[in-house]
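Letters A, B, C, D, E and F mark the chains in the order given here, with residues in each chain numbered from 1 onward.
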Amino acid sequence: MRFDEAYSGNVFILSKQDYDNADAVLYGMPMDWTVSFRPGSRFGPARIREASLGLEEYSPYADKHLEEVNYFDAGDIPLPFGNPQRSLDLIEEYVATLLDAGKFPLGMGGEHLVSWPIFKALKNKYDDFAIIHIDAHADLREQYEGEPLSHSTPIRKACGLIGAENVYSFGIRSGMREEFQFAKESGMHMHKFDVADPLKKVLPALAGRNVYVTIDIDVLDPAHAPGTGTAEAGGITSKELLEAIHLISESDINVIGADLVEVAPIYDPSEQTPIAASKFLREILLGWVNKK
Amino acid sequence: MRFDEAYSGNVFILSKQDYDNADAVLYGMPMDWTVSFRPGSRFGPARIREASLGLEEYSPYADKHLEEVNYFDAGDIPLPFGNPQRSLDLIEEYVATLLDAGKFPLGMGGEHLVSWPIFKALKNKYDDFAIIHIDAHADLREQYEGEPLSHSTPIRKACGLIGAENVYSFGIRSGMREEFQFAKESGMHMHKFDVADPLKKVLPALAGRNVYVTIDIDVLDPAHAPGTGTAEAGGITSKELLEAIHLISESDINVIGADLVEVAPIYDPSEQTPIAASKFLREILLGWVNKK
Amino acid sequence: MRFDEAYSGNVFILSKQDYDNADAVLYGMPMDWTVSFRPGSRFGPARIREASLGLEEYSPYADKHLEEVNYFDAGDIPLPFGNPQRSLDLIEEYVATLLDAGKFPLGMGGEHLVSWPIFKALKNKYDDFAIIHIDAHADLREQYEGEPLSHSTPIRKACGLIGAENVYSFGIRSGMREEFQFAKESGMHMHKFDVADPLKKVLPALAGRNVYVTIDIDVLDPAHAPGTGTAEAGGITSKELLEAIHLISESDINVIGADLVEVAPIYDPSEQTPIAASKFLREILLGWVNKK
Amino acid sequence: MRFDEAYSGNVFILSKQDYDNADAVLYGMPMDWTVSFRPGSRFGPARIREASLGLEEYSPYADKHLEEVNYFDAGDIPLPFGNPQRSLDLIEEYVATLLDAGKFPLGMGGEHLVSWPIFKALKNKYDDFAIIHIDAHADLREQYEGEPLSHSTPIRKACGLIGAENVYSFGIRSGMREEFQFAKESGMHMHKFDVADPLKKVLPALAGRNVYVTIDIDVLDPAHAPGTGTAEAGGITSKELLEAIHLISESDINVIGADLVEVAPIYDPSEQTPIAASKFLREILLGWVNKK
Amino acid sequence: MRFDEAYSGNVFILSKQDYDNADAVLYGMPMDWTVSFRPGSRFGPARIREASLGLEEYSPYADKHLEEVNYFDAGDIPLPFGNPQRSLDLIEEYVATLLDAGKFPLGMGGEHLVSWPIFKALKNKYDDFAIIHIDAHADLREQYEGEPLSHSTPIRKACGLIGAENVYSFGIRSGMREEFQFAKESGMHMHKFDVADPLKKVLPALAGRNVYVTIDIDVLDPAHAPGTGTAEAGGITSKELLEAIHLISESDINVIGADLVEVAPIYDPSEQTPIAASKFLREILLGWVNKK
Amino acid sequence: MRFDEAYSGNVFILSKQDYDNADAVLYGMPMDWTVSFRPGSRFGPARIREASLGLEEYSPYADKHLEEVNYFDAGDIPLPFGNPQRSLDLIEEYVATLLDAGKFPLGMGGEHLVSWPIFKALKNKYDDFAIIHIDAHADLREQYEGEPLSHSTPIRKACGLIGAENVYSFGIRSGMREEFQFAKESGMHMHKFDVADPLKKVLPALAGRNVYVTIDIDVLDPAHAPGTGTAEAGGITSKELLEAIHLISESDINVIGADLVEVAPIYDPSEQTPIAASKFLREILLGWVNKK
């Protein structure tokens, strides 16, 4: 028994806790301060780790075992409460460091705005990449005057950063009229309501490209993910989201990083949302890291 | 800032609070006193209004915005607790007034028995109309001796009032043997288990007719609507109920009013039932009012 | 009013409470002491009985009424807390008595390990029988040294007892690599992810045989059964499990007993899991007992 | 193992299930149909029994063991839903039978109106008795026209039945102005806010008399009993209610029966209300039955 | 039946909804955007109104009836999400209007920072007034650089505004060392842990003065108010807070307004926190408005 | 930003994570496998750490700041599920290592049986020490045949190990008759129902002695600690337990270690139990470590 070792507490199941040899780094972004309706996703990463203890380490979908992947659970980035700008700067710096070290960044939100600094860090490293965005909400709002940062804006910002034609949204079933108009006019690729079927059509066209994937847990129907801030009826099943993850695993795209956001445990006393999220992360670790 | 205006509190999102110019009136019927198993729907309307604040005002399904509809949230009818007969009389009088004024009545239950006085008010105005009934339960029981009013009887009563051949039920998966027998023998149209597929077949036959639509939230599987008194496993998804609403929107029937009943918030700590209900009401407002 | 009668409290709806004339005996096995992740299924049987009071006694699926079946709810077997071996011995003895008396044993768990002594009792009576196993988890682990009994082992033990070729698993989506390897090599029949479709193919081959059916409620997606210890995202719907039950009802196999396990009410404040479980039991009573 | 015995399910801990030799009979009255604010006490008795399994059978307060008392848990009286008058008639008849047989009736509600028929049955047997009423609410409303029976009226009715001067209320902190006026003018004995201190003063005056005790669980602060329909802040602690029960045990009054009402489990996910209620019942069984 | 009347929905019980003749105005401040640990108090006012429906209109403590007070429930101030400065400006303007009109402002939070603009509005009207502050937390932090507004600062700001010697805190049991140091050195009056006893000593010294009272619900022990963001063990009971309110009612101070803040319903499935809050507000309406 | 540092995740607030220089070591014992009624304390330590983030680091009770104490949160001991004997061996070995290194062991349960191996480790180091035991339950049962280890036995075992005369129990309000008999006859010191008052009397007699303190959270009334397995009505308040902790801090005894056990989060959706537990641990760290 050694007490000078790293803490033995709440880490994602089977994490090796060895940063240097890790191919992927799992990290939390416990921020929800721009959420207007039902906050609480700041507690998402901790509960996803806790729920991961109920997972098997082997996936019968992928026929792979977590031991086959080198990943390091780095804990949560310590974000300054109530200060969105500073929080986003910290996330950008953090992910940039991971990318410099050649790690696959796998983030856990927190609200969806946390994806925006990740996009910026990626842009610094990759001349060209696409984004796959799986979500109930378009997240295509422009900055409001006076309220420059909001969880409804990251995909609009992404369009500005990497070109709308490189952004692919799936499962969208909610947004303002202006967002859907922008989607149509900007050249971005929006697939409403469904995820797996349109993915099947889109993935071949993305073959060989670098792609970042951002998943908002609320793409699931509230039946499958009640623990989220802006639950929206009429969503997809857990089965379909698993299928989507596996389609990406089996595709010819080069996944350069991913995040899973908006798990808010307080609205889900049965804990099914973090339980499902931990399974999605296992499948991502097994299928997207070093997939080459 | 003016303090003499109407109350700025809990109303359905974007309600104009102007009765005179309203095309539709949204009203609550907070009654659950004939419910035997798990009461609580008396609190449904208030929580649906509260949940509506998380909705977008635009629908990507209908490509319409709530600003395009004039509706007035009139609050809850003040019903005398524990007195079913007097409560039903008040509802009938209330809806009759709305119909006289040419308003589209959009009711929120409350238990399903509240639809019965609405049927009676409609009968006074329309010589001929049909009822579309979407529900897990047949609600075809006869009056019991001594217990003349029950939440299991409104559709049987409707058959007596407007002729069984004008009543169309969808999604039914629970009832007494006698109710299913009555369905067969009476000439009414009962479609078991499913909603969207049979609707597709039935709607053309109803083209041009006046139709009232009553939806019991428990037609959904408890996965999608845990907050209801008599949850019944094996139901449809929120996606299918949205599809059914849109099928009606796109049909050639003339919708003369509607209600959504049996949301009982206490059984649903994640609030997904009122969240879903508020979305269904938005789609109804956008698709059924003034549909011509 | 007579006070010398059997207790009028919490029994499954419409149970005749007459052992001698009963064709089927419903009994609870309130044991969860080998569950590692989230215990609580010891309270399952009591809540399933309570939820059954919200059921109709007639099934529109089977067009049958519970009055047509003679069953006796015998309450829970008094199991010694924390002593798995003694508990299993008691269950085996209990079920053996039922089988001797020609009763159809219909058990409610408790954790899945309770099925193991039932298998042993059946083996004593029947030279030849098959097992249909519907579950999210393979439950094919071998005994651990020092930990001889675990809720992850009953199906592996069953393979040893009656021959792997007589064991048919459906819906499996979780397990260790070794379990899936064993499934492949042992000659047992494992159907991953789905239940109804593979059942359709398998049932004709089992025609005429004696078959015991064990259902773990966690085969359902957590959306449909949040109240279980090891919820696993990506499961089937309540609708599909009902379909599976009815496929068996309509098949030519001879069902010699059944159990439904792993309902853990504490994780499900909306009570939808015991509500669904009580409906599955109603359909089993109507369709599997005396099916000839 | 015998299957012809009484059901082994949900009974109060250590109940002997032998009516003939029982000194006390524990029975449930699962009725809540006149409750206006938050119904649900119809499920109280079942959950109190379930919670009793966590109790020790010995009381260090009384230095007595439940084996020293002969009691029979008779289950719940089957009350016709939604029919208050018929329900009350059944309760009266039921309790009359118990009194004829010389049993100590110990009732579990249900709403407080269930005490009214018990009072009537007692009046038939005893020429003279007093009532100790422990409650947050005065329950002194008169019958409303048209609504003859309500959970706010039983103590007013009691005053009419046995004379206001024989009614002693404790802990009252809520009611209409008219109720408090009636209390003053009628000659009844109302002690506001506290229970144990006024009891100490009153009990000597009641020495030697026959006394029925009715306890509404909402006399406790909602901190100690959140699971009740009309929770009222500012109440007493569980410790004080235990003290009150023990004061009665040690007094010289002759307790002729008792009830504990208004436990509504749905509002208490931690189950502390039924857990506390089962302890109060244990202390009542140990201290009030055969106290001589 | 008139539909042009003010909304009949969720208002505090018995509110006359007549602004012009109102002596007091009840208003909500649904803001929680500077809360770091557990947000959610933005939903407090709506649930307090809903819970008020379970209250009696008469108080046996004060022997007064709500009909004796003219108050108007003005609903919630529409505050811009995530913009603390603009929100505070709106509150200040709102309360200034009330004060100009001679109304007693009775606010419902929302987080405690909402009291700060009220203090500023009061300062504009009254040359001299004191503040009674009842809370678990000192709320004496200074402004942070970059984070100018926080729910931990309002009392520190108050000390600057009206002089520390005019600020009286009660029940404080949590804070930074610096806050307690400031309390000692600044000349303000801090009473730790208890409320009623120190109030008894302080109130005579405040006789004749204008006093504003701000109550943070978390002064209660979490047993009595689990529904709050920063629950702190070791607090007072509901009984003691009621006593404190009544001590103020019976004192010779002139109460010029009050607020009750930090009710966060999501953490309290039993709803005991809004239930208690609504009772405190009733006692405040009865005892502090027009007390003279 | 460095990624090779110890994990930044879920640790007790302000833990220095430096074992070598730590005076105290905080560690979790996530075991609940001998609990019969309501298991779940295996999740206690993780939730106490999470709740600690809402604490202030300064105590106005002790006028001390956590920075003044060197402690190291070592995470949870990895205990083998379902194997009590091996788990207890691991705990004993673990604590022995801490004692050898001169650390103050501060344990978090888990069920109360975890204290037993700690007692054994202490006995190895100290010739003479006493135990202060604060609990609702006597925990004085003897070993059962066949069930050698149970959460009801640790204090009985302690009496055998260090002499009954060295064991002081406080707050006891539940147990078997035999346990209270043993307490009387064995010479141990049992103080029923209360904690602070008897402590005041006992502490002077213990002056100068080495004392280990074990606290079962269920000594609190369920109002203050609903999140525990065997909640027992009639307990003390959080205020009284804080007072008891401070009495020990200010006494002349030498505290040689402590534990706080039986926090079971699943029964407490408001999280008040882990919130309170984290405060007790803060006061213990501030008052008992290096108190001399």
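Quick note on the criterion: a contact is a pair of C-beta atoms (placed from the backbone, for glycine too) under 8 Å apart; a residue touches a chain by one contact, two chains touch by 3 or more.
Computed from a predicted structure; not experimentally measured.
Asker: Could you work out how many touching-chain steps separate chain B from chain F at minimum?
Answerer: 2
Asker: Once the contact rule is applied, which chains count as partners of both chain A and chain D?
Answerer: Output, common partners of chain A and chain D: B, C, E, F.
Asker: Specify, for the interface formed by the sequence copies chain A and chain B, whether it is same or different in terms of residue numbers shared by both sides, with half as the dividing line.
Answerer: Different, since most residue numbers here occur in only one copy.
Asker: Would you mind telling me which chain pair, B-C or B-D, is linked by more contacting C-beta pairs?
Answerer: It is B-C, judged by the count of C-beta pairs in contact.
Asker: If you average the CA atoms of chain C and of chain F, how far apart do the two points sit, in angstrom?
Answerer: Taking the mean C-alpha position of each chain, the two centres sit 41 Å apart.
Asker: I'd like to verify one number: the distance from the centre of chain C to the centre of chain E, where each centre is the average of its C-alpha atoms, in whole angstrom.
Answerer: 55
Asker: Going by the contact rule already set, what residues in chain F reach two or more other chains?
Answerer: Only 38, 221, 223-224, 267, 269 qualify.
Asker: Show me, using the given definition of touch, all chain pairs that touch one another.
Answerer: Those chain pairs satisfying the definition are A-B, A-C, A-E, A-F, B-C, B-D, B-E, C-D, C-F, D-E, D-F, E-F.
Asker: List the residues on chain E that touch chain A in their complex, please.
Answerer: Residue list for chain E touching chain A: 32-34, 36, 38-40, 81-83, 86, 146-147, 150, 266-267.
Asker: Write out the stretch or stretches of chain F touching chain D in their complex.
Answerer: These residues of chain F touch chain D: 37-38, 172-177, 180, 192, 221-224, 226-227, 230-235, 267-269.
Asker: Looking at the complex, which residues from chain B come into contact with chain E?
Answerer: It is residues 1, 3-4, 6-11, 17, 19-20, 25, 28, 43, 46, 49-50, 72-78, 93-94, 97, 101, 269 of chain B that touch chain E.
Asker: Where on chain A does chain C make contact in their complex?
Answerer: Touch residues, chain A against chain C: 53-54, 56-58, 60-61, 63, 65, 221, 223-224, 237-239, 242, 269-272, 275-276, 279-280.
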